[in-house]
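There are two complexes below, and they share chain A, which is joined by chain B in the first and by chain C in the second.
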Partner chain A sequence: MRWLLSRPWLWAYVAAIAVWGATLAFTGGRGGAEVMTAAFTFATFYVIVGLGQMFVVTLGPGNVDLSIPATITLAGAIATKVMDTQNSMILAGLLVAIACGVAVGCFNYALIILLRIPPIIATLSSSFLVQSTAIAYGRGIRIKPPSLLADFTTAQIHGVPVLAVSIIVLSALMAVVLNRTVYGRFVTAIGQNLRAARLAGVPVGGIRFATYVMCAAFAGLCGYLLSGFSGGASLSMGEEYLLTSIALVVIGGSSVAGGFSNVPGLWGAALFLFLVVTMLNTYGAGAGLRYMATGLIIIAVIVAASGKRAVR
Partner chain B sequence: MTRFTGAVSLLAVAAALCALPAAAETADKRIALSNNYAGNSWRQAMLRSWDKVTKPAVEAGIVAAADPFTTAENQVTEQAAQIQNLVLQGYNAIVLNAASPDALNGAVKEACDAGVIVVSFDGIVTEPCAWRIAVDFKQMGKDEVTYLAGKLPEGGNLLEIRGLAGVFVDDEISKGIHEGVAENAKFKIVGSVHGDWDQAKAQAAVAGILPSLPDDIVGVVTQGGDGYGAAQAFAAAGRKTPTIIMGNRQDELAWWKEQKDANGYETMSVSIAPGVSTLAFWVAQQILDGKEVPKDLVVPFLRIDQDNLEKNLETTEKGGVANVEYTLEDAQKVIEAAAK
Partner chain C sequence: MANEGSRDAKDDGSLPLSRVAGEGRGEGLLRDTGGAKRSGEAGLGMADTPIIRLDGVQKSFGAVRALRGVDLECRAGECLGLVGHNGAGKSTLMNLLAGVFGAEGRIAIDGVDVSGRHGVAEAQARGIRCVFQELSICPNLSVAENARVFHAGLSGFGWRRRAGKLIRDKLDEIFPGHGISAADIVGDLPIARRQMVEIARAFTVTSAPVRLVILDEPTSSLDAHVAEQLLAFVRRFVAGGGSVVLISHLLGEILSAADRVVVMKDGQVVAERPAAEFTRSTLVAAMGSVAAEEKEGPAEPARARSDAAPRLRARPPRQEDGRELVAHRGEVIGLAGLAGQGQTAMLVLIYGRLRGAGKGENGAFVAGDRQQDGVFPLWSIADNITITSLKRLRRGLMIDRAGTRAMAEGWRERIGIRTPDVNNPILSLSGGNQQKALFARALGSDAGVVLMDDPMRGVDIGTKQEVYGMIRAEAEKGRTFLWYTTEMDELRHCDHTYVFRDGRIVADLARSELTEEKVLQSSFADAS
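Now for the complex of A and B:
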């Protein structure tokens, strides 16, 4: 129990369950399972980009990747075009999407390191370039994804989305990477104290490079799966993932100043963000009230989570 | 006899003068398009239509230039600076799709004071010196309910998908829908979500609210760009697909066609053609030509029904929006209608 209470990610889950309960209270218990299915389905995409963003944020103050939405769009557009509805091209599409992410990641890091631009500005400006490329390349194109990919991304077994399960496995893997591998410990060390980490012999440049590339690769993966899920790529498909990816990290109990992160919180936060919108929609609240309530709830969760940390 | 021929030749000269294209008056005039956003398929189509119509117009010497400018960040300050630059560059008219209905008024007033004609469309401005080519969004919302009332005489539960919260267009369409429902008491709106005119967002929002709604939803009233996402969400929830009003996007029309061929699915689709930018171009040209043009004009809707679906789907490119480009005559008709 004490172990559980000291977990920084606890509050995201508490909030998610509370919001879910509030929704059910309104509907009289109807549709609870279906709401959860939908929440897991959409939370999956949030978590994919959240994983990458979390590693970047862990690198320390000023580290954030703002090019995620543009990368999602570009990877989705290129992948659907490469696959061109052919089931035999699914694997090629995946590789192209991830390669597209890797390319953006390399470009981001090149801007950061070679031109000495702060990461926020570097990734923001590269996101303009990437988005423009997507517009020029896709011209708002919507090619249907291959049927097998569409089936996989929307498949459910007894109400459990298959894709969500796959990404939970991936998350577990990334949790091991963060906590149990040399790479993960290096990332955390850099975030806690860059100077100390460098003096301790951490290859700072290489680790940061790998992290930015990984983050962009996850964005590429998200674009690929998302275009399969929603019936094709569109120019605005990545838009909502910028603030969401950062919100996940913060609400999930990771430190926005870096050096202190956890993976489980991402899922709690992702479910919470989806369920809040669902709850307010179900209550039929006006848009103004909805935004206010969302803001207040998020502040409350963050305060609760960081309060715990101060006590520690 | 000489007097008679003189009169005739005078008439002939007068006739010839009248027959000269209106273009001559504006041949040295330069028109700029100031656009606040280009990041979705509607805006892309809008810009392409602009090119398609204005390039031949420039080549034919109707105007000297018709250059499009888009701001990168969809921000008021940026667009205000852009308008000031266009005035300094000596454009005679600015066709404006504004980032805000009132925040650009200062820049627009400056342009007017400098003698520049400002014609706003789609995203209109409230500054009195500018012309407005507005859409009767309220009527559009009402039309959706009227269509459903005709198709579903028994009425039933409706789901409303709204656009981007806090935007004028969203409020107007929604008002029209609610007015329509008030007039047709057989319908009841049981749920309302914001889909931000984006199919992925609409899909997530609808998927979230569906479990809490009654099983017998007969219709979905939308604002465009969200119909396909709604259809996906209904399918994913294993529910019967209701009558979903579409918004002229190619993916929506393609899905409708698929359903129509498979099971005779019926609906209708309504939106504003992105080519409205070309209507604004001709209106600006007419004003420069010295024509009397009322300050408030109304754009016609582009509506697609069961029988002209195939034709419209064919002419709509993949990932685009059903579109029409307007001609000088169309603009004159719109001006006449407003002058009445």
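Now for the complex of A and C:
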């Protein structure tokens, strides 16, 4: 119990369950399972990009990847075009999408290091370039994803989305990477004290490079899966993932200042964000009220979570 | 100013006869805590109400009892020396006096009981200032702006200029020739100058008076010359009716500057007497240290330098003549000179080169500036110790938890880190114990070259002796140590010493040639 109370991700889950309960109270308990299925389905995509963003944010103050939406769009557009609705090309499409992410990641890091631009500016400017490329490339007709890919991304077994389960496995893997590997330890060290990390023998440049590339690769993966899920790539498909990816990290109990992160919180936060919107929709709130309530609820959760940590 | 004449006792351990006379050795060394009250009568002729008085004060952090019933008085016109091992409770006590946190027990200021409502603001208003061991100035602000943080009265047009004048005048008064401008950004200053700014700021006056200043390890990163200036200023300040609490591990400093000495151990006051009644050895004994008195002079004959190819050679970027730093296997190399003359930059340069060289040689760095260069504040002690050795502590792709724990436990025992559990946060340790963890990090790595950046800041005398022993033993196994230090005594442990001035090597002394005069002479002017 004490162990549980000291977990930084606790509040994200508490909030998610509370919001789910509030929704059910309004509907009289009907549709609870369906809401959860939908929540897991959409949270899956949030978490994929959240994983990458979390590692980047862990690198310390000023580290954030703003090119995620553009990378999602570009990777989705290129992958659907490469696959061209043929099931035999599914694996090739996946590799192309990830390669596309890796390329963007390399470009981001090159801007940061070679031109000495702060990461926030570097990734923002590269996101314009990437988005323009996606527009130029994906102009014209919308190509449907291969049927097998579409089936996989929307499959459910007894109401449990298959994709969500796969990404939960991936998350567990990334949690091990964060906590139990030398790479994860080095990322956390850099986030706490860059100079001390360098003097303690951490290969700072290599670790940062790997992290930015990994983040962009996850964005590529997200673009690939999303294009399968939503019946093809579109130029605005990445839009909502910028702020969401950052919100996930914060609500999940990771430190925005870096050096202190956890993976489970990403899932709690992703479910919470989706359920808040569902709840407000159920209550019949208008768009304006919905945004305002979402903002207030996020603030409340963050205050609750950080208050908890200060006591500890 | 009874101590003025004995200032030269510093560093060499010999003391004037008057110090030793009149006190039966060993007798009455350990008093109970009631000693604080009795010494009030023994007083120094300043029998008026103490500025601050503690009665049976206790403080716990979780399971750790930092203070177990402390009685203490600080009077005007007196310098109180406070000594004790790392983790004895000195810094906790100082935070308490400064109002950083409360505690159980009675606290009275000017005879008025303020228990439970003593805070930073009240302490400030009553003229109590504190210079913390972990510096508390803002690195992103200029020197003048940092002065303003203390003095809300400096407002309106031209506040920056007035704040600058305030701090500059004080710096001139305490540290003539300090070379600091009020417009300098604090983060760009080397740690010695940051410490000077912090000290000077504590003595600046606008609306509230300065009556009691607590100096926690104020000279730990200052060189001998600047430390002298500070101690002289402390004596002037005390003579003018001020009060100073001086915490230091340099016993020579305590004996020469303090009027009264309080010895702490395990959260209690174990001895309290006028400084004149202590000698270096009785003070060490009172602290309960097992370490013998420091050996004097070169302990062993200087060894001839090997003719083999040196392990590393490096030239400071600003060096114009052909001088360069040369280090062989198994050597302990000293980097000397006044603080901030390019020694740290030299170490960082060599460290970068060793890392950049890829395979082959490996370097490890022991930071002196813990906060900036050493500690990972969110991590446990074990994580902080093992970071440099993680690659060796893998099992497959993962970090071997049992292995890291065993390494951390092993070093906790070996170097005496005072903690019940190595999984406690590093910040739960006192400053000196954090420093021990940083030593463990470097010595526990497989690095062939260990670079030490004035690493003994805040480390107590017993641990120092042990670490000196470890360095010697490791050097005999073939490791090379590069050791920047601001303490003359430590150079005596070095096989070879390079003196730095203004970013250049100005003298190159083998152990047999090393004398304090030579080091000082070349620190200030070209060695002829």
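Operating definition for what follows: the second predicted complex is superposed on the first by the 310 of 312 C-alpha atoms of A that agree within 3 Å, B and C clash if a C-alpha of one lies under 4 Å from a C-alpha of the other, contacts with A are read in each partner's own complex, and residues count from 1 in each chain.
The rule we apply is simple: a residue touches a chain if its C-beta (ideal position, glycine included) is under 8 Å from a C-beta of that chain, and two chains touch if they have at least 3 such contacts.
Since we're looking at a predicted model, the values are computed, not measured.
J.: With everything superposed onto chain A, say whether chain B and chain C fit together or clash.
T.: fit
J.: Check whether A:14 is in contact with chain B, with chain C, with both or with neither, and answer first, second, both or neither.
T.: Neither partner.
J.: Contacts for A:304 in the overlay, against chain B (first) and chain C (second): which applies, first, second, both or neither?
T.: neither
J.: Please name the chain, chain B or chain C, that touches the greater number of residues in chain A.
T.: In the superposed model, B touches more residues of chain A.
J.: What is the contact status of A:180 with respect to chain B (first) and chain C (second): first, second, both, or neither?
T.: A:180 sits against chain C, while chain B stays out of touch.
J.: Is A:189 touching anything from chain B or chain C once the two structures are fitted on A? First, second, both or neither.
T.: second
J.: What is the angle, as a multiple of 10 degrees, that the CA centres of chain B and chain C span when seen from the CA centre of chain A?
T.: 130
J.: Just to be sure I read the superposition right, which of the two partners does A:102 touch: chain B = first, chain C = second, or both, or neither?
T.: A:102: touches no partner chain.
J.: Should A:202 be classified as contacting the first partner (chain B), the second (chain C), both, or neither?
T.: Touch partner of A:202: chain C, not chain B.
J.: Who does A:124 touch here: chain B (first), chain C (second), both, or neither?
T.: A:124 sits against neither chain B nor chain C.
J.: If you've got the overlay open, could you tell me the nearest Cα approach between chain B and chain C in whole angstrom?
T.: In this superposition, no C-alpha atom of chain B lies closer than 33 Å to one of chain C.
J.: Give every residue of chain A touching chain B within the complex, in rising order.
T.: Contact set of chain A toward chain B: 23, 26-27, 30-35, 38-39, 41-42, 128, 131, 135, 138-143, 154, 226, 230-232, 234-237, 239-240, 274-275, 277-278, 281-282, 284, 287-288, 290-291.
J.: Residues of chain C touching chain A in their complex?
T.: Residue positions touching the partner: 348, 351, 355, 362-365, 367, 372-379, 383, 387-388, 390-391, 394, 397-399, 401, 441, 445.
J.: Okay, in this complex, where on chain A does chain C touch?
T.: 176, 180-182, 185-186, 188-189, 192-193, 195-197, 199-202, 255, 259-260
J.: Would you pull the chain B residues touching chain A in the complex into a rising list?
T.: Against chain A, the touching part of chain B is residues 38-41, 44-45, 72, 162, 165-166, 191-194, 198-201, 203-205, 207-212, 228-229, 232, 236-237, 250-251, 318-320.
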